[in-house]
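Going in written order, the chains are labelled A, B, C and D, and every chain counts its residues from 1.
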Amino acid sequence: MKRKIRMGMVGGGQGSFIGAVHRIAANLDGQIELVCGCFSSRPENSLATGQSLFLPDNRIYASYQEMIEKEATLPEGERMDFVSIVTPNHVHFGPAMMALEHGFHVVLDKPMTYTLDEAKQLRDKVKETGKLFMLTHTYTAYPMVKEARERVRRGDLGKIRRIYVEYPQGWLYNDCADVNKQAAWRVDPNRSGKAGCMGDIGTHAFNLAEYITGLKAVELCGELNTFVPDRLLDDDGAALIRYEGGAKGVLTASQIAVGVENGLNIRVYGEKGGLEWRQEEPNTMIMRWPDRPAEIIRTSNGYMSGIAAHNSRTPGGHPEGYIEAFANLYRNFALALRSILAGEEPAPETLDFPSAEDGVRGMRFIETIVATGSTENKWIKIID
Amino acid sequence: MKRKIRMGMVGGGQGSFIGAVHRIAANLDGQIELVCGCFSSRPENSLATGQSLFLPDNRIYASYQEMIEKEATLPEGERMDFVSIVTPNHVHFGPAMMALEHGFHVVLDKPMTYTLDEAKQLRDKVKETGKLFMLTHTYTAYPMVKEARERVRRGDLGKIRRIYVEYPQGWLYNDCADVNKQAAWRVDPNRSGKAGCMGDIGTHAFNLAEYITGLKAVELCGELNTFVPDRLLDDDGAALIRYEGGAKGVLTASQIAVGVENGLNIRVYGEKGGLEWRQEEPNTMIMRWPDRPAEIIRTSNGYMSGIAAHNSRTPGGHPEGYIEAFANLYRNFALALRSILAGEEPAPETLDFPSAEDGVRGMRFIETIVATGSTENKWIKIID
Amino acid sequence: MKRKIRMGMVGGGQGSFIGAVHRIAANLDGQIELVCGCFSSRPENSLATGQSLFLPDNRIYASYQEMIEKEATLPEGERMDFVSIVTPNHVHFGPAMMALEHGFHVVLDKPMTYTLDEAKQLRDKVKETGKLFMLTHTYTAYPMVKEARERVRRGDLGKIRRIYVEYPQGWLYNDCADVNKQAAWRVDPNRSGKAGCMGDIGTHAFNLAEYITGLKAVELCGELNTFVPDRLLDDDGAALIRYEGGAKGVLTASQIAVGVENGLNIRVYGEKGGLEWRQEEPNTMIMRWPDRPAEIIRTSNGYMSGIAAHNSRTPGGHPEGYIEAFANLYRNFALALRSILAGEEPAPETLDFPSAEDGVRGMRFIETIVATGSTENKWIKIID
Amino acid sequence: MKRKIRMGMVGGGQGSFIGAVHRIAANLDGQIELVCGCFSSRPENSLATGQSLFLPDNRIYASYQEMIEKEATLPEGERMDFVSIVTPNHVHFGPAMMALEHGFHVVLDKPMTYTLDEAKQLRDKVKETGKLFMLTHTYTAYPMVKEARERVRRGDLGKIRRIYVEYPQGWLYNDCADVNKQAAWRVDPNRSGKAGCMGDIGTHAFNLAEYITGLKAVELCGELNTFVPDRLLDDDGAALIRYEGGAKGVLTASQIAVGVENGLNIRVYGEKGGLEWRQEEPNTMIMRWPDRPAEIIRTSNGYMSGIAAHNSRTPGGHPEGYIEAFANLYRNFALALRSILAGEEPAPETLDFPSAEDGVRGMRFIETIVATGSTENKWIKIID
């Protein structure tokens, strides 16, 4: 297929953070072109955004419903192949369902939906339609996280015993909703859902730990806190977790760890070795051993596994960052979609991105942490 | 008083780790001289150890009972001033009580005793006799930990919200009791007490958090794990903690974090700022702020507080380590004791070392974490 | 102007490293589209590369001469706006001169040319034609390097005294030319020029120091080394440098620092403060002060200067890497070119990229270091 | 020999930095006792210092001449075994020569003497008398520096090619001589000698590089700078160095690197591997390899060599610092002296401390760097 994959976008108008990141990530490898969008619920913002992106006016839409309907009527050689949905959480379910029903593949920002029930419906719709679906848990797309998963999988660490996963941030340490558009919807239960901090970043931490270790959490006991006065959702929390097979975890997430930027990190210890990774220095992983020196694993060296090499672009020492990780998601999605459009089976490494099932799992985590943290105050099973 | 303070020692025979460290720490500042000892329950080890330390044979004893009794009969210008007890946990209570009853001041390794009840008896005996008593929680004697406490106290961080304290180690990742004398007693409930990992290092973490923040834990919910087969005590655990005033904590301790050396660390976040300190790089503390760059606080600079300066010896950039921290305990104890022996009031900064009350508190933590971790599986109040 | 800027490319065929990076960098911000290219001197490679980039066959050329001539005849609404030249050093001068003469703007990889004389001719041609010209010294395009320059400029460090700039790499530690295409031309004087290591990476270090401090080197005394047997060019070297105004520098560059990846770093100390930056962790800069704690400056925080903010895309804690730095070059070039094409004056921050004059200066450095290092063995003035 | 080794001290009165460090270092392992001293040229300071150290008044002397003469007349069971000289540079030669001539062993702070000629005389006197002599280059006594030397010696790095050794400090960035006693004599040529910064810290860097690599410098080309107005000696400098066998070095030292504490560090790269060590984090060394991950070597692990293990005291993760390194010098000296006093051959590992020959070599470096840096401005051979 001698053309770029065609993307439409829902959300990401001027002033948005994550929408611009999605576009950059989609641009980066030259596999995808943006062909249309409804960038805001305010039509003038949508139009201005689309024009600044060099879209023709007739492909800039005033509502996502209009966009999906009209694009579906365009000839195959012109209409979008997939839609990328980058709206606040409460506007995930609607456009995603509608896009699938109109035959479009879907990329969706996390967490999957506003409620667990919506997530299950959406997952079922993905299965039913057979369309390609990706949830953008960016952090598992770093080459070093791929490497970590691969090393656990092949047994370098032995049986996993202990997992520490943390996601501290400080940017919501005070009442910033008035002045910060990014903050405003995240602390609003009507747009964000049942959980604040745990929905926004706790889900990333939960996903990262399960992704790297390949283990499913089965029970947890946690606590949610709201430190900033008058805030309606949690801005901090912690949980003890029991994983299948006996591994034990501690998960913490906070948005009031004042001065911390984006400190997602994980440490995993098994019977034979351990690994440690920090998102803010993503090209480095420390591996620890009982009887020989710790090793500094670095992106893009010859000793890296194939799956990590597939997800990096530059030689060692040329730092790859958050945008490249995000672009890995889009590149893999585009490569898989290219195969599908050509009637071929996608290569396994191109399908290594978060699925609808992962999205459901994230919503289960939110339901469970809210239950244990706010009310139960004891160990409970992951809600089904 | 124109002489060194005279120390006797119980424990610390050849092959011991912590006994040698106590002696080095006591030597370092030239304030203390070792005058006698019962270094082992095996008389030949005690004798050999004492001779290697240049003690005369008549001051090397075969039992602590003999030592305390005989020293008590020596003339004031000759007999030891205090006894330092560095035996395994189950041999803390006996010599400490006897020393106090015979008029000697006491230095005792942590945790305080084998049981909480013993700790309370010992604390009461200290009060009753009025003797000077120090528990050697080394880690709070680092100059940077003093600085951290002072900065919290004077309000730099604002009201404390969130505390993460961790103590990962890896050295007990497998069954090493046969080959490692240090390991053997720590994993033996008959010598160590109710808790393994939590008694040995969890108490340090608990103490460090309370010391720096000045806050008392009031409730906790935790879990203890034993990963190594056939081990009789916990080798890993974690707890969620509620502190007075609403601060929340997570405490983790592990001896199976394979490849980790001695990773005690703490992070504290308040309404206005945060601090982060790691024992393995003890001369550095990071302070974080919401709206300006993080700062790298370094031992022995002009901006350090008086209490930190009092506990350091070299200019900035000349690393001070574990032994210097340990020596701070002994120097402060010696300076305070010197004042007491001279009939003077000790200066406040010389009394800044862990007390009998701190020791009781550590035993309470052990009782509570064992209760919640092994059986209760829910939040419980710190046991009184 | 409601369209993307159109780019043609010379070089960057399959198997090339830097060509792919240029394309990614040009894609990233959605300002530039690749419309044509001559990607290799081997026509079949050029064709295959162009097709893999979704170019129509009639815009894939077999020689750069053909490309420049044919593109010049296309209508204005179709032909490329500028050419990006990413060939080995000995094929810089030809296509750059020809492109300028045919009315195209030019982006050129560093070092500028094969000889100093060529560089001067090219610089004069840029002046004569008035076309926009950019040399891709990537490392000065990191937001933190912009910040460093700004802080020196506004006097935070006081008068500069001491500069240490280093560029250690290890990848050429042995004779790898047979197996490594990237290595082969760099160690070949017929393709690389008079200098090996100093031309390839020493120029980056030299440029970085002058860019950040705003000071020109006036004299240097250095030494070039060739450690790998049978290698024809330097693979290591060092120089003492005297800057205008009395600052002193040490510049080192090596490709035999075995195991080091891409360790470019700089430290600058003035009368009032110092700064330290390392390319492998590019979002962090340490600032040092005589009487207060060192500060950790981090990309994308509110305290950053305007020029740094202009050159970053994500909030603090979302690492920006080498590709984003490279994209800053292209984005600024595209923004400036967009203004020029619209008949407007480019905004100053869009012109903050390396110029032809900077390219000449780099070639002067090469001539001088080769002279002092290979033959003179004493201080000499920067060759004019 | 069932007693401690007896030390006398020249210098180190109240207000001195290095004298107190020497005493702490000598105390630490319980092998040495201070028995007498002349601590200051001001008798009342000497007396007060001695009394604060619990010395009897009759062993506190008013001049070093008096001390050496009187001690020499005391019975063997009472008089000092060796003298430790910790005065400014211009008062090294006199007491050292006199002590040797009166039969005492000698410990001497670095640099050895005020002039190269004095150093040679002193070295000859050591040979002539056969007394034990130690120069206190502390930094080579860190266990990790021992490890580095051992790994180079046994060939882990292959043939050495490239050495970078740096000693940046910032404390003399302005004119502080009036207010800082430590600074005052260091910037005074009448007390310090021909070189300021290079004598005080450049010699440490030079010694460290030769110690670790086992290579002798043969030629150098350098530059000395004096940045602070009215200062009479260099406060900064750099040199390119040629070592025997073809290795190349860069040595820098500065006391105006504002905000830097005590940044001595070294990096060595050979044909097969490299090592990197920083004094401010002395328990860590990075080893780099061409084709596998870098390793983090840490003090006191089981994989450390015997000579490193001999020079450490605590398990891994219990930081050992500057004082322990200094104490290694004294412990080794005391162990060697104990053997000598017992008529035995000292074990080789106890003699691993800087000798009189090393002291002469340091003075040669000073002469050479002053010659090349101040006047010659070209490569010259190390002055003989």
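The rule is short, and it goes like this: a contact is a pair of C-beta atoms (placed from the backbone, for glycine too) under 8 Å apart; a residue touches a chain by one contact, two chains touch by 3 or more.
Since we're looking at a predicted model, the values are computed, not measured.
Taking the mean of C-alpha positions as each chain's centre, the chain lying farthest from the centre of chain A is D.
Counting the residue numbers used at the interface between chain C and chain D, over half appear in both copies, so the two copies meet with largely the same residues. Interface repeat of A-C: among A-D, C-D or B-D, the matching pair is B-D, sharing over half of the residue-numbered contact pairs.
Superposing the C-alpha atoms of chain A onto those of chain D requires a rotation of 180 degrees, given to the nearest 5. Distance between chain centres (mean CA atoms), chain B to chain C: 55 Å.
Averaged Cα coordinates give chain A a centre that lies 44 Å from the centre of chain B. Touching of two or more other chains is recorded for residues 260, 287, 294, 298, 301 of chain B.
Residues of chain D touching chain B in their complex: 2-4, 17, 20-21, 23-24, 27-30, 34, 51, 53-54, 169, 171, 260-263, 279-283, 298, 301, 313-324.
Those residues of chain B that touch chain C in the complex are listed here as 286-287, 291-298, 301-303. Touching chain B in their complex are the following residues of chain A: 161-162, 164, 166, 168, 170, 173-174, 221-223, 225, 227, 236, 238, 240, 248, 250, 252, 254, 256-260, 267, 269-274, 287-290, 294, 377-379.
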